[in-house]
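Chain nomenclature is as follows: A, B, C and D, assigned in order of appearance, with residue numbering initiated at 1 for each chain independently.
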Amino acid sequence: MQLSVGCEIGYEVFDGGATLIFNIEAMGGGRQHIIGEKLTITPFQDSDEKTAEETGNRYLRLTAAPGLLQIRYEAQIELDALHSQPGTINEVPVAKLPLETLPFLNPSRYCPSDQLARFANRQFGGIAPGFGRVTEICNWINAEVDYLFGTSDTTTTAADTFSMRAGVCRDFAHLGITFCRALGIPARFVSCYAWQLVPQDFHAVFEAYLGDRWYLFDATRMAALDGMVRIGCGRDAADTAFATIYGAVNPLPIRVWSDALDGDIRQEWTTDAVSVSRN
Amino acid sequence: MQLSVGCEIGYEVFDGGATLIFNIEAMGGGRQHIIGEKLTITPFQDSDEKTAEETGNRYLRLTAAPGLLQIRYEAQIELDALHSQPGTINEVPVAKLPLETLPFLNPSRYCPSDQLARFANRQFGGIAPGFGRVTEICNWINAEVDYLFGTSDTTTTAADTFSMRAGVCRDFAHLGITFCRALGIPARFVSCYAWQLVPQDFHAVFEAYLGDRWYLFDATRMAALDGMVRIGCGRDAADTAFATIYGAVNPLPIRVWSDALDGDIRQEWTTDAVSVSRN
Amino acid sequence: MQLSVGCEIGYEVFDGGATLIFNIEAMGGGRQHIIGEKLTITPFQDSDEKTAEETGNRYLRLTAAPGLLQIRYEAQIELDALHSQPGTINEVPVAKLPLETLPFLNPSRYCPSDQLARFANRQFGGIAPGFGRVTEICNWINAEVDYLFGTSDTTTTAADTFSMRAGVCRDFAHLGITFCRALGIPARFVSCYAWQLVPQDFHAVFEAYLGDRWYLFDATRMAALDGMVRIGCGRDAADTAFATIYGAVNPLPIRVWSDALDGDIRQEWTTDAVSVSRN
Amino acid sequence: MQLSVGCEIGYEVFDGGATLIFNIEAMGGGRQHIIGEKLTITPFQDSDEKTAEETGNRYLRLTAAPGLLQIRYEAQIELDALHSQPGTINEVPVAKLPLETLPFLNPSRYCPSDQLARFANRQFGGIAPGFGRVTEICNWINAEVDYLFGTSDTTTTAADTFSMRAGVCRDFAHLGITFCRALGIPARFVSCYAWQLVPQDFHAVFEAYLGDRWYLFDATRMAALDGMVRIGCGRDAADTAFATIYGAVNPLPIRVWSDALDGDIRQEWTTDAVSVSRN
């Protein structure tokens, strides 16, 4: 399907200026094709842009003078999501995992898989390994955690969410990642534009490494997996902030959008196995 | 039933001496009668002893000179535990709770009932209020938490135990208290001598305020409720340390015992409602 | 000095009603005399009121029907604060502390004195014991922690505040209490009306037990110690909430005031030793 | 200088077998040359070995049958450490940092730089940027944190260490990394063989990115920086475990050694700037 996605972000930069690193551009490669895109920085200024080799994350770095700074990104994306039969997708024993997936078994800032290991094994250890087990993890999170704004903040870990039983999309993703890692399944955090997400905002989901690729999972079930345009991926939210800011600024309201450009309109969350990742 | 209980505690007190506050003596009053008791402090030294009015906890305070200090306490206790029918015991609405039980609704050092409130209400909120609900809490803890030495320490809270799913008697008690408070049931921590506990040691259980009195609960189910000799009670383990020490000492191995003196030998953990408390 | 203090608190009580326990009335006794006071509950309804023996906290409990509930409290208070010379006030060795002060040496929900014990002893252990040492603790907090709204919430402990180095009055009080307890000085939390506090709100300070009484300390230094009208005291903020609510309500904006009624106007924070407590 | 380093690690592997991933081999490249090395696995079995491209970490993965498993690694290493003048080494503004260093600015499992940011900036923000500032961070840690076994465990974060003021080498490294990241200096965790370390064990230090390379720092000051043979580097200890084990095993005592093979014997910790890293 084709999607038109984008965002507008603005800051009032205070005296002394600021260096900002953005990760808002859609990833290319894999089954996510960038048909066209446009980035506008107002006022115009020098910036450098790089793509991280391992992840495909695209970083835009600029040093802004005091005053108003506005960034507008828009892109037209063709998603050729791979749909697979869940029942055919297995977990990979640690003995056979590709080396580059191993770091995604380690605990990270927001995903302390060491702390929740006993629970994960008690609750999910008896389920047949494979795509279905990760789906069960999502089912559990969806049933046991309330989606509520204002209950978590930027210091909230998956262990906190597990205790508090409330959170938003990033917390849901962190908890899913944490359980997967505790079970020996590499899992990573993905930020994205999400078609049909209401209200529109940057969304957070996760990928688990199963079979021979990374599959998308969204424990919030607030948007269709095959309508997600991947922006950044990493260990957890610490790696995929849409903006990292060094200097004093006042953030202005942001606007995010994601619209379908063709008739391929799904209306429900799907339990299909969906993969878009290039690596 | 009659029990012979006691303990031997020793310290090597270093230069500078130490002030020690012990809470090892059996409480009197209520349905726990002290038939006889004997306290030996070696070497002999002045001490003061007081009973806290609200709780009945007995504190022995002494200032020890450098050298070896040994405390031996032994007592003969008659327990006339009140056994009630669980089905007849109700929870008390907050609007009718005695004022002096209200502090036992507040979160404390090891029982952050605020953090686990949402879970407690999701898991236990739908169960009919009363003794049976607290029993369900104990069932849940017993089923979901592993009794394992070495998994917790003196900084471990009930939120930690909830995440880690492992702990010892004090952790089980803290978790039970936390869930009760989150549901509006006053609950407090009780240290005790526990007949049939293997291996013998100071034990930790909890009391919930139901109907018109405090009832004992032990989520570990490692000893009979009507064979427990209460020593200290308070908000949580922070209030009921068997020894609080100011100064540098080296603790020696402790010995604790609890033996039945008559034929009233129960061999199993009971689901009866058991109350011994004087207040 | 004479003060006119009070508050207006309101709730929209939802279907099902709610039980509310308020602790907003000024304590009597000690050097805080209630000249007159008036409590208005709208709509009028039955309530019970009790004073906790150990603390003097006054609790107002009522069960509200659905609809609007408004509470207005106003009082005229004569404060005859005891001013002592700081240099004459000593710490009390644990061996000599009154039994009833011992619970205030224990760690509590927001004051994990066990976790900060090493720091407290490194930083303040070398200072001469006495009132001056607690003043040094306040100096340190005032210098090292930023007073900032929005950096802490109701789950924030003194260990969090110590790491984050920001908080509000309750966090400042919790940190002061934590350091005192770690040094063997009983300390407790006090909620109060605070004359000259800007903006007017319920304030939080702490008391340390020194010499033969409880002395007030305010690490925020935002109001005069001898213009504070004590409302509640306890282990920490968990014990002194101005309102504890069981049931679903929507809180309305609150209003708090504290005005001097005579000419005894101090304008600066004082380093005098000030005591008002009755116990 | 030339060093002979190595280790012996053993496990009793239980029924079901285990997959083990070791990271015990010295890195090659940069100024650390492997003259010779020998790896013995007893009983002999298939294993695969790979070097992570970004870090140079060498992973040995094997699937062990039940029974005794022993690994012995020994290597002869030539260290040609680059010694630079501390005064000439500057920090790199975020605007100019190489892209691949940016992940080392993010908070990680054991290095929650977001939580200690305010303190880091209060304490070290006023110090002139550069190698000297990171040295000041090490000085502070060395002065303010006690090196004590038994005070931390595998769940201890730098925020815990900051509060508790005690820890071991990994905790010292985590705290140093955390402060650096909070100040905008990329920092990473390094596990190593450390000549002169007493008692001999795997050691943990950290590297900060300054000028155009990674420099070693050791806040414990327990071994010479130019006698450290790098084994693994990553975000924190979560990335550099010497053994990651999937399956049930009983670890046997390990032995680690590090001996100088030539006369270039330094006897003191140095404040020189030392770099060995290949990237």
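FYI, a contact is a pair of C-beta atoms (placed from the backbone, for glycine too) under 8 Å apart; a residue touches a chain by one contact, two chains touch by 3 or more.
Keep in mind that this is a model prediction, so the values were computed, not measured.
Fewest steps needed to get from subunit A to subunit C, stepping only to touching chains, is 2. Spacing of subunit A relative to subunit D, judged by their CA centroids, is 30 angstrom. With centres set at the average Cα position, the gap from subunit C to subunit D is 47 Å. Residue positions of subunit C touching 2 or more other chains, listed in rising order: 115.
In this structure, the chains touch in the following pairs: A-B, A-D, B-C, C-D. Interface of subunit A with subunit D (complex): residues 19, 21, 50, 52, 54, 59, 61, 63, 93-95, 99-100, 102-103, 105-109, 111-112, 114-115, 154-155, 184, 234-235, 238-239, 244, 246. Subunit D makes touch with subunit C in their complex at residues 115-116, 118-119, 122, 144, 146, 159, 162-166.
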